[in-house]
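The following pair of complexes shares a single chain, chain A, combined with chain B in the former and chain C in the latter.
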Partner chain A sequence: MSTARTVLTIAGLTLREASRRKVLRALAGLTVVLLVLSAWGFSRLSAESEFGTLTSGEARLVASQLLNLVMFGLSLIAALGTAFLAGPTLSGEIESGISLSLLARPVRRWAVLAGKWLGLAAFGSGFVVLAGLAQCLVVQLTVGYWPPQPVVALALLAAQTVVLLTLGLLLSTVISPMASGVVAVGLFGATWIAGVVGGIGEALGNDGVARVGAISRVLLPTDGLWRGAMHAFQDPAALLQFGQEMAGFPFLSEAPLTAAYLGWAAFWVLMIWGLAAVSFRRKDL
Partner chain B sequence: MRHPSDGVLRRLLDEPAGVSDADRAHLADCTRCVGTLAAMRTDATALDSALAPQGSPDVDAAWRRLSAATPGPERAATPRRSRPAMRRPVVAAVAAAVVLTGAGTAAANDWLQIFRTEQVAPVALSTADLIALPDLSAYGDVVVTGDGDLHSVEDAAAAEAESGLDLPEVADLPRGISGEPTYQVGSEISATFTFSADRAAQAAAAAGKTLPPSPAGLDGATVRMVAGPGVAQAWESSAGVPALVVGRAVAPTAYSSGVPFETVRDHLLSLPGLPDDVAAQLRTFTADGGTLPLPVPSDRVSTSTAEVDGVPATVLELADGSMSAVVWVDEGVVTAVAGSLDTDEVLSVAQGLR
Partner chain C sequence: MAADPTANAPAGAASVGASAAGDAGRQAAAQLVADLPPAPAVWCSGLRKRYGKRQAVEEVSLQVGRGEVVGLLGPNGAGKTTVIKMLLGLVTPDAGEAMLFGSPSADPASRTKVGYLPELFRYQPWLSAAEVLALHVRLSGVSVPAAEQREVLALVGLAERAGDRVGGFSKGMQQRLGLAVALVARPEFVVLDEPTSALDPLGRADVRDIVLSLRERGVAVLLNSHLIGEVERVCDRVVILDRGRVATSGTLAELLGQRELRLELTGVTPAAQARLAATGLVEREGDWFTVALPADDAEDAVPDLVGDLVAAGVRVHAVEPVRISLEERLLGILRDAADAREGERA
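Here is the complex of A and B:
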């Protein structure tokens, strides 16, 4: 059997496995709760008398900010989901002994790993794109705001998920399933906080603190990709309106990503995947 | 009745002896579990066939080959050394750490730019635009009389008295706008412009372009451009920016002697190096008040037409929908309603003006 077919077979099996896990139901449940709550919130935003002090143009700006906020909730759900799916898929199978019977066949270990990665990437990206699109539609129906670059934004969100699950896959080749999930989500949160700290540093003109954000975005590209996605979701007028007063606000992204950074993110995924393959290659089953 | 778990059902395929009698009895009359078991069996068969080795191995021959090839204790270490270094996890991890450190250093020193620097120029329609003159001093002699002098006044009566214009009264304020407006008045401003082919050629040379030939009689032609007086009332929003501006001014007009003004204007607009904002201002001046009497950058604004009190009006909307405006000219007076509103709201304000 050719290696490509092995990869596709394992990817298909991973997708089916993921769709049968309880994590999927939890993900779907959380997403529906988030969508319903945000739909309610957005419809109140346009109706509530408290927001009667906003003109329709200003209400759209607020809506674009809230969309970023809700999308962050969504990306958090996706991060939790993929990290806890990626963890058990390798180390769980090693613990339960499934790998022993699977890897005894004439398949290469890296092909199995590539298949798992492909399946999880398809699953995670699919989830993020579907849920994100649903969220955009909710906002369009309730307040009539449509993001300027929805395709770019959803693609970057999907890329963020892929980055995190690659890290989860690497961790699951070295540590136990639960620990790998916890570490991946912890790193994701820490990078986000470092990004916020860096933003505050930029707002205060403190280069040393601003560097914290830049370095963390390179070490783990989730926060950088998230900020790129946020920039594509938000109303460009928001920067002009809020830019000066709200510098350093974590749900306002000032600029789109450079091609160099996107290239680095792709290289990062390749490098971490390669590391996972090397680690998995010599793993004792 | 409780169904056996997926694990128990799977055990029926792999280790049938390890399944309790109670679970087997359940399976005998539960169609759902039988269905699940059938799906599992299909999966198992699919997986077996997908991962099945091709051909049947000759185990005895393989064992003989292996026995013959088994290295002695002293040779056991050699293949380890010959393996490429990058395949050793420690080496790979160290290499990845070095790459990450290098990239981190690059980011800390701004060698790796994460964000593109991008300037979003605001599309600002200020009250001053109603009575502004284009800066044409690079293309000839300009003599300005009157300075526009935009300033705030106390109330509507003072604004009307100073400008000599009727200040439109807004009947119903749109949602989100309240309070008292501020009033601004600007006086008439006019400029006499004498076109100089030499100066225009210099300006074109400074922009690195050559000048297109001037139409006959243009060199030395004089035009007079007049704008204002104007009056405006503005409502601030909670964010401190004008949420609604209603302004009225005498429409910008141009008079020429000798060469028609359109000839001068079109030639100026065709010149290389003319700044965009100057071009936009220049387009607002007409001999008959025909074009849009407000300078707007056409690339970021979508325009449509409507009717206000039987007069054709131009409706402008920013590409992102955060601002709109409606502008119309009636008997030489231009009236503009603009704000962070949608087009329906500015139109209803415009139609409700008294």
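Here is the complex of A and C:
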């Protein structure tokens, strides 16, 4: 009962922090820039296809790629935003002494951690879903393309954000505020690159290189979830038609996510959260 | 002094009763528990903490009874803040145990009736002062009406700034807010770690009045302050820490009970000197003699001594009672400890 109150109070506080600090304005600004740029790009694309240089299949494939590219930008913004919100929370508050009076209240530390996590997850997912939806609408209005599974795609993007912020929380219980944000974003980028490398390996039929992507997707599920989201955004018919030529291209994904992988991602989040709770429990303030 | 507070734990006693003879046994046990004296506000025994190579706290046992005001004194780095954090379950001790109101301070519920003003702290800079108080009230689980929260802000002199963001507060204003946070959830035990370090003289007087009013209401206080005069005025008892150990502890009467007498004398004979030495330790500066008086029969010591001196033919020009201040006593204790360490090394 009182533990639930602690979780909800801290979650509310975290949301209030996100809404009152400059992070939110920076995020909103970047998102608007990205949406406007993509609207301009897509309107150019539709102009090209009207002039007949692109077939309708080609146009849909290009639209899929571009949509994925812009969504990647969005997920990057979300990743940066949440990592730099999640990173400084615990270690920053311990450093500045905010935790000292907060944790002297009759609250369980894991409940405070759960509240932070919940607030950040709500914030990050909310952002991704809203901005992603806006982007889908931009594409619909400019080139008339609507992704096949927008709900799945947005949910997977939100899941990717949650994975990253959970990692950020764990890091922030062990290393300094800035470092945890930087490390989380660095790992996120490294996994993405490993995924691209793995994709090239697959296209070339080189198993060793392909394994790089597979392993990194297990270690940090952000890239795997991102690929699932791409798959749900892109046009399946166009991919079938041109798939062979485009193998290994980083902004197309050949296969949907398996249930096993989703299960692993959920377990991964739970495990990392548990580690963060253990590390936070014994921390001296 | 350090009665075992585990004996007061109601849960343990009740379960023994239940297994023995059902309801009657349980009632008897409940009665037994009700008759026990209440557990002290805080009790700790054998606390130790090491940070890397530095032993911050060697071995500390202390207790603050219900409604008692205790001063925690000692030089910088003595381990006062570390001890306080261990008492509140914010730092895990390497050894020893700490209890708040009879339950282990690792259990969050034990902190329900505790208010804490940390030494180095900040509040969420994006919240207003009133929002910080509301947050702490929610987390404490006590329902405190908004009007009462405003009263607490007024008490620390922040009534006009209630709606302002804490980020724009000066250090002194933050400390006032910290005091309000410590007081807002109707605590029965308040821990103040250097509450006056950033305050103006007026603020210091406010803190003194606040501690005195807490004492009147029966709220226990543990006060760590370098303003020894203030400590002397408000505390029932003091604990002096030095290098992670309790150097001395006791009531003010016990610590300051030792009084001195300054006498200006001429014509002092060896017999008169012997009479002086028989009273207590004597220090001489020219014609001025300072004699330590025994703590026990303070009533007769002075007239007896003066009478005997006059009878011995000594001319007595002046007799001045000297009261040792807590500050002098503190310095004396710390110097003695340093000398003892020197002696050991030599």
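Assume the second predicted complex is superposed on the first by the 277 of 285 C-alpha atoms of A that agree within 3 Å, B and C clash if a C-alpha of one lies under 4 Å from a C-alpha of the other, contacts with A are read in each partner's own complex, and residues count from 1 in each chain.
Here is the rule we use: a contact is a pair of C-beta atoms (placed from the backbone, for glycine too) under 8 Å apart; a residue touches a chain by one contact, two chains touch by 3 or more.
All figures in this text were calculated on a predicted structure; none of them were measured in a lab.
After superposition onto chain A, the partners chain B and chain C occupy overlapping space and clash. Contacts of A:N206 after superposition on the shared chain: neither chain B nor chain C is touched. Touch criterion met: A:R21 reaches chain C, while chain B stays clear of it. In the superposition on chain A, A:V218 makes contact with chain B only, while chain C stays out of contact range.
In the superposition on chain A, A:L102 makes contact with both chain B and chain C.
With both structures placed on the common chain, the touch criterion links A:G274 to chain B but leaves chain C unconnected.
With both structures placed on the common chain, the touch criterion links A:R282 to chain B and to chain C. Taking chain B and chain C in turn and counting the residues of chain A each one touches, the greater count comes from B.
When the shared chain is aligned, chain B comes close enough to touch A:P256, but chain C does not. Residues 5-6, 9, 13, 16, 102, 105-107, 282 of chain A lie at the contact with chain B in one complex and at the contact with chain C in the other.
For chain A in complex with chain C, the residues that touch the partner chain are 2, 5-6, 9, 13, 16-17, 20-21, 96-98, 100-108, 282, 284-285. Residues of chain C that touch chain A in their complex: 85, 88, 90-92, 108-112, 114, 116-118, 120-124, 126-127, 135-136, 138-141, 178, 181, 185.
Chain B makes touch with chain A in their complex at residues 43, 47, 50-54, 86-89, 92-93, 96, 99-100, 103-104, 106-108, 110, 112-118, 120, 122, 174-178, 237-239, 241, 243-244, 318, 320-324, 339-342, 345. Of all the residues in chain A, the ones that touch chain B in their complex are 1, 5-6, 9, 13, 16, 51-61, 102, 105-107, 148, 211, 214-215, 217-219, 224, 227, 235-237, 239-241, 254-258, 260-261, 264, 271-272, 274-275, 278-279, 281-282.
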